[in-house]
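After this come two complexes, each holding chain A, first together with chain B and then together with chain C.
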Partner chain A sequence: MLRLPRFRYLRPQSVAEAADLMAEHGEQAMLVAGGTDLLPKMKRGQMEAEILVGLGHLAELRQLERSDDGGLRIGAGVTLSQIVHDAALARLYPGYVRAAALVSSPALRNAGTIGGNLCVDTRCNFYDQSYEWRMAVGFCMKKDGDICRVAPASKRCRAIASSDTAPAAMALGATVTLVSSAGRREVPVSALYEDDGQFYLAKAADEIIESIQLPAATDWSSSYVKVRRRGSIDFPLAGVAVALKAAGPVIEEGRIVITAVASRPLDVSEAAEPLVGCTLASLLEGQRDELLTGVAASAARPAKPLDNADLHYVWRKQMTRRGVEQAVREAATALLARSA
Partner chain B sequence: MTNTTSVPELLSYTLNVNGRDHQVSDAELGENLLFVLRERLGLRGSKNACEQGECGSCSVLVDGRLECSCTMLAAAATGRQIVTVEGLTPSGDGLSEVQEAFVAEGAVQCGFCTPGLIVSVSDLLDRLPLATELEIREAISGNLCRCTGYGRIIAAVQAAQHARSAREALR
Partner chain C sequence: MNLSPATHDGQALHVVGKPLPRVEAVGKVTGGTLYADDIDLSGLLHCKLLRSHHAHARVLSIDTSSALAVPGVVAVITGQDLPARYGIMPTCEDEVALEHEKVRFVGDPVAAVAAVDEAAALAGCRAIRVEYDPLEAVESIEQALLSPGSEPIHDYAGPANIHRLAALEFGDVEAGFARADHIREDVFFFEGNTHLPMEQHSATAQAANGHVTLWSSTQNPHYVQRILASVLDLPMGHVRVVAAPHGGGFGGKCDPFSHEIVVCKLAMLTGRPVKCTLTREEVFYTHRGRHPVLMWVRTGVDASGRICAMHFRTALDGGAYGSYGPASTLYTGALQTTTYAIPAYRFEGARVFTNKAPCGPKRGHGTPQPRFALEVHLDKIAEEIGLDPVELRRRNYVKPFTRTVNWLRITSCGLEEVTDRVLEASRESRRERRPGHGVGFAVSSYMCGAGLPIYWNKLPHSECVINVGRGGVTLFCGATDIGQGSDSVLATVAAEELGLSPGDIRLVTGDTGLTPVDLGSYSSRVTFMAGNAARMAASRMRELIVAAVAEEEGCAPSEIEVREGKIGRLMFEEAAVLAEERLGTLSSHGSYSPPADIGGRYKGSGVGPSPAYSYSAAVVDLDADHCTGEVHVNKVWLAHDIGRAINELAVRGQVEGGVYMALGEALMEAQVYRDGLHKQPSMLDYKSLTFLEMPEVETILVETVDPEGPYGAKEVGQGPLLPVIPAVVSAVHDALGVWVDEVPVTPEKILKALDARAKGKEGRFGPKSFPDVPYPPLVKVTPPDAAAAAL
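Moving on, here comes the complex of A and B:
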C-alpha cells in the first residue's frame, strides 16, 4: 500500500502566520488545503516536504463577498463544490463555474479548493507515475532526474498545465491576491504561471493565494470546453475558455485562453479580434462559419501539445480548434438568450 | 508572537464515527482516515484500492460531505462527524434501501467498489431524492466499477428512488 512519508504538520492561526512559516522554513515546507493534489503525490514520491503548513482550517480563506466594483472576491479556501452549487455565480460567470464542475469527481471537488486548483501541479505521462515506475523507466527533470523524457533535447520540463479553472479565470480577467511575510500584492491570474513544467508557478514559494477576484461581468458571458477521455475524473487533454462581451446584438470584445497544450495556460485573445463587430445571430446561424474557423485556427496556433498525455497529440491540437469553435458558440448563445 | 500549533508526530485523538466516539492512540501523523478506519477501528467496509482519490472505493461522509478518506489525514477529521458504509443502516444491521436495491438489481459483481458506491448514492438521494439519470451518473462519476458497466448500478439507484418515494407515500 501507498503510505505517506514522515512530515511535520503546522497549523497556523491566520494566513499571515502561514506566510511567516513558509518564509521561515523555505524549501522544506509546502502548503496544503484540500490535499487532493499534494497527498497522493507525496505517496508516490512526486512531491517531498518535511513540513506541511495547513490552510484548510482557516475560516478567513472561505469568505465570498461582492466587491465595490460589482465583481466578486472569493477566498482561496472555498471548495470547488461550493462554486459549482452557487446559482448566482453560475449566472454571472458560467465559464468559471463550468470549469470548476468539470474538475475530477464530486468527492474531490468537496475537498479541493479554488486556490489549490490554480496551483495544481503540471502533468506528464513520465511524471504522473509511481516512484518504482519512474525509477525503472528513468527519472525525468521534473523530479529526481535531469532530462526531459518526452523531448530529450529540451532544456526545460514539458509537463502540461492542467488547471481547468485557471484559463476560465484568465478569460474573465480575474486577479489573485497573494500574501507573503513581505506584504500583499494583487496580480492578474495570468501572471501566476511560467512557461516551464517544473517551475510552473511565477509566485514565490512563500506567497499564499488569499483570494481570487472576478471583475464585474455585466454584458459578458463565458464558457469552458474540456477535452478528455472520460466524462469525469480526468485532467484536461485540451481546454478552451472563452469570454464574450455584447451589450446588444453585436460582439464588442472577446477573450480566448487555451490550456493543457503547453506548460502554462495561453492567452490567445488577439485571435478573437475578428469576432468584434459580428452579430451574435449571424455567428450562431452559420453565416460566419468561415470567420469562426479562422478564429479557431489562429487561437490554436500556439498550442504545442507533445506526446506526454493521454490520446494523440495531433488530435489534441485539432480538438483545441474545435473547442474554440464550441466555446465561442456557447458564450454567444448565452448572450443571445440574455438579449432576447 | 505566533499561535501556530505544531502537531506532534505521534498523536492520540478522538474520532466520531457513525455516531460513536472512538479513541485513537499513538497514531502516526501521516495515517490517512481510510487507514485509521480500517486498521485501527476495524471498520473494513471502506475499501482500499487506488489510495490516490481516483476510484472512490474509500468514500465516506465527513460532516455530511462526500469525501475520499484516503486523501484525508485522520487527525484532520477530529471534531467532525464521520459516517462510513457501516453507519448507513439506522439500526446498524440489516440493509438500507440503497443496499437492498443493489442486491435486488444485481448491481454487485466483485463487490469491491460497492461500499463506496453505496455511500455516494446514499449521499445523492439524501440531497436530491428525485435525481435524474444524468444527476445519478454525475454523482457516481468518482466511483470506478470495472465489472458491471454501470447499467445495473443506475437501475439500482432508480429502484432505491422508487422504494423511497413509495415509503414516503405510505407515511
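Moving on, here comes the complex of A and C:
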C-alpha cells in the first residue's frame, strides 16, 4: 500500500480562521475538504503540503439556502452525495445534479465536496502516477520536471480539466464566493480557471471557496453528458454541459460548456446560437438534425484532446460532438416536459 | 483402491452436491480472516525493494552506503547476497532475486532494504545509488524477432530473443489440406492483461536455528519451498512455507518471487522477522499474467464442414523472464483438439523475450488466446460456406472416451449437452432482434489438473492425511485455497465419507511444514487431485472405524450405515473412541497420481494431458453502438460440464467469476506499455469491469459424472472464462457486421472496422500479417490408430 507522508493537520473553527491560517503558512499549506483528490495525490508525491488546513468539519460551509433572486447558495463543504439526493435541486438544476451524480463512486461522493470538486487537480496519465513511475519516465513540468511529456513542444502543461460539476455550474451562469484574509469577492465560476494544466486555478492559493451561487432557473433547463469507459469511478474523457432557456415552445437562449478536452472547461456558448428560435419539438422530432450536427461540430471545434488519458484522443473528440447533440436533446426534452 | 464416482459404495450422497456456504466464508465476509499482510510478529522489520527505472540496462555499480545511514534502516542487500539463479521451470532458471548485472524491465528488483517501518525502508531505497548503462529496449514481438543489432535480453535466447520454439505435426497436414474443399486463413492478436487480484502479494519470514518459515500469499507453497531451499542453500526440511489465507491469485501467485526470497534472506541476516507487502503498482510489475499472442490459423474443411486439417501458429510476447513460458507456449497449441476432432494438426509456437514485466500463467494459462482465435476463425468459415456456426462446430465435436490426434485422452465430455442447454436457455434472446443487437456463441474445454508436475518427479501429485482423536477429525493436505473453494471441497469430501458435515472437519492446508505435499493451486487440479486423495484417506478412515463398530456389534461391516453423524448406532465420536481403543492412533492417508496413459510420448507431450477435461459453452447477448463503438453486454448464458458439482454454490460462484474476468479481457483489460513503461499500473487506470458493466449471468450446470473425478467431479476454476471472449467478438460481429480480430474489443477498434467497411474495404480491425518466425523443423508424431483413438 502507498502510505501518506507525514503532515500537520490544522482544524480551524471558522472559515475566517482557516483564511488566517492559510495566510500565515503560505506556500507550505493547502486546504483540504473531503480529501478524495488531495490525499491520493499526496501518497503519490504529486503534492507535498506540510500543513493541511481542514474545511470538512465546518458547519458554516455546509449550508444550503435560497437567495433573494430565487437562486440557490450552496456551501462549498456540501458533499456530492447531498447534492445528488436533493430532489428539489434535481428539478431545478438537473444538469448540475447529474454532473455531481457522475463523479467517481458512491463512497467517494459521500466524502467529496462541491468546493473540492471545483478545484480538483487537472489530470494527465504522465502525471497521475507514483513518484517512482514519474522518476522512471522522467519528471514533467507539472511536478518536479521541466518539459511536457505529451506535447514536448508545448510551453505549458496540457493536463486535462477534470471536474464534472465545473462545466455544469458554468452553463448555469453560477458564481463562487471566495474568502481570504484579504477579504471576500464573488466571481463567475468561469473566472476560476486558466487554460494551463499546471496553474489551472485563477484564484489565489489562499482563497477559500465559501459557496457557489446558482442563479434562478426559471424557464431554464440543463443537462450533462459524461464520456468515459465505465459507468462509475472514471474521470471524464469528455464532458458536455448544456443549459437551454425556453418560456414557451421556442428556445430563447442556449449555453454549452465542454470539459476534459482542454486544461480548463471551455465555454462554447456561441456555438449554441443557431438553436435560438428553434422550437423544442422540431429539435426533438428530428427536423433540425442538420442544424444540431452543425452546432455540435462548432461546439466541439476548440476541443483539443491529447494522448494523455484513457482511450484514443480522436475518439474523445468524436464523442465530444456526440455529447453535445445528446446534451442538447436532453435539455430540450426536459423543457418540453415542463411546458407540457 | 477403486471408488465408484457416482455414489459412495452404492449409497446416496449426503453432503456432496449440496449448495452449502463455503467453510471459510464467514471469516472472509466479517473481516476475521487474517491474510498475509495481517501477520504481525514481535520485532517485525519491513522491507521495500528498489526497482529498476530502466527497461533494459547493464548495472555498473550499486552503492548502498548512504542507505545504511538512513535512520531506521537495519539491513540492505543486493544481488551479491543472493546470487543463485532460479526459475519455476527447470529449463529456464533465468531469474535472480535481485539483479546486479543487468535489469530487463522497469520494475526489476535490484536491492532490498529492511527497516523498522515502511517509510524508513522506502527512504533507504531512495538513498541507494545505482549506476546504469542503458541498453536498447525491445517492446514488441516483431521488434524482438527483427532487431538482431541490439543486445539480446538473455544470452541463452540469442539475438532474436527467442525463448522457446515448438513445431509439431500430428498426421498428414498437407494431405488434409489437399482433400479440403474450402481453406481459410486468419490472423488474430490477443493483447496481454493481468490478474488483478484484490490482495497484493505479501510475505513474512522468520528464521531461527537454521530453519526458515515463510508466510506468503502464494498459490504453490511446495514449489516456493523447493526454490527457497535451493536459493538460500538450506536443506528442504529446514524451509517451511505456509500459504496464508488468500485474497486472490488467478495464476499471479504461482511463481517464486523476489520479495519472498528477499524477506527470508533478510530474516536470516538480521535475526528478526521481515515482511514485504507489494504496492498495487508493484503487483503490476510482478505480473506473470496473460501473454500477448499473435496467431495465424489456416483450416481446411470438406463440403460438409468437417475439418480436414488445421495449421496453427502462435508468437507469444513473454516479457523479461522465462516463468512458465515453455508451458505457456505449448498451451497455445495443445487444447484446440479437445473440442474438435482435427484429423491432421500442425502447431508452431514461439515465445520471445521483451523488456516488459514477465508474463506467465493466468486463468486458462495459454489457452484463452488460441481459443478466441479458433472460435472466431470457425465462425468465419461457417459464414463463408453458408453453414450455421453451431452446426459447423457440432459436426466437428470430439466424442467422449476417445483419443485426440495429439494423443490427449478424452473421458467424459458434455460438449453436446452444454451446447443444447445454453442454446435452449438463450432461445428467446436470440430471437429478438433490433439494430445493434448481437448474439454470439462459442465453446471451449479445459484441463482438470496438469498430467505432469513442473519439475520431473514420480511422487504423487497430491497427498492427504486424516487423523481422528480427541481433537475431532483433522485433515492435512498441501492444497491451497486461493478463493476457488478448495478447502470446502476437501471438507465436503471427508464429511461425505465419514457421515459428517463439512463444518466438522478441521483443515490444515497449504503448509509445507505440517501437511503432506500437494503441488499447488494451478491448472485447475485441486478438486480432481486433492479431492481424490482426500476421498481415499477419508474412506480408509471410515473403513477402520466401521470395522471396529462391526466387530463390537458382531455384524458385517457392510451392515453398518455411515450417515448424519453416526456410525451404525453409535455417535461418530463414540465409534472413533471404540476404534482407537482397538487400533491405537487413528490415522489414514490417501494420495493421487494421474494415470500414465493420458498423453503421448513425444517431445512437448507433457503439456495438455489431464485426467479429465471440463467443457463450457457460452452465449453472449449485447448491444453495440455503431456511432460510438461502445458495447453493452446484456446477459451471458454459460453452460458448464462440471462432471459433478461437489458444492453447487461454489461452482456457480466460479462460473460467475470466470465470466466477469472474461468480459474484462474481451472489452477493456490490457497491459499496455509506453516508452518502455507500464502505461497504467493502477486500479483506476487499468480498466476492468465495475458492477455496472457486469451483466446478469445464467449458469447451467451439466453433470457428466467423470469416471475418475472425485464423485465424478471436474474443474470449474478456469474453463468458464474461455468461451466468453470469442462469444463477445462473435456477438459484436452479429450486431454490426464487422470483425474485431484483436482483443480487447475497444470502441475505437469497432469504429475503425466500421470505417474500413464504409470505405469499401473489409469490415475488420486486426493484425494484417504474421511475422516470419524461424520455427524449427517439424517433429512428426504419428496419431493414435483407430483402435487407440476409441478408448
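By definition in this document, the second predicted complex is superposed on the first by the 340 of 340 C-alpha atoms of A that agree within 3 Å, B and C clash if a C-alpha of one lies under 4 Å from a C-alpha of the other, contacts with A are read in each partner's own complex, and residues count from 1 in each chain.
Please note the rule applied: a residue touches a chain if its C-beta (ideal position, glycine included) is under 8 Å from a C-beta of that chain, and two chains touch if they have at least 3 such contacts.
None of the values given here were measured: they were computed from a predicted structure.
Which of chain B and chain C touches more residues of chain A is settled by the count: it is B.
Looking at the shared chain after the overlay, A:Leu291 reaches neither chain B nor chain C. Contacts of A:Met135 after superposition: chain C is touched, whereas chain B is not reached. Once the two complexes are laid over each other on the shared chain, residue contacts for A:Asn110 go to chain B alone; chain C is not touched. When the two structures are aligned on the shared chain, A:Ala191 is found in touch with neither chain B nor chain C. Of the two partner chains, chain B is the only one that A:Arg11 touches; chain C does not reach it. By the document's definition of touching, neither partner reaches A:Ile147: not chain B, not chain C. Legend: residue contacts after superposition of the two complexes on their common chain; A:Trp315 is shown touching chain C, with no touch to chain B. Shared-chain residue A:Leu2: touches chain B and chain C both. By the touch criterion defined above, A:Ala23 reaches neither chain B nor chain C.
Residue overlap on chain A between the chain B contacts of one complex and the chain C contacts of the other covers 1-3, 231-233. Residues 1-13, 17, 20-21, 35-36, 39-40, 43-44, 54, 56-57, 81, 104-108, 110-111, 231-233 of chain A are the ones touching chain B in the complex. Across the complex, chain A meets chain C through its residues 1-3, 125, 128-130, 132-133, 135-137, 229-234, 310-312, 314-315, 318-319, 322.
Residues 2-7, 9, 28-32, 48, 51-54, 56, 59, 65-68, 71-73, 75-76, 120, 137-139, 141-143 of chain B touch chain A in their complex.
Of all residues in chain C, those touching chain A in their complex are 51, 53-54, 106, 118-119, 200, 277, 279-281, 627-629, 668, 675, 677, 679-682, 684-685, 687, 689-693, 746-748, 751.
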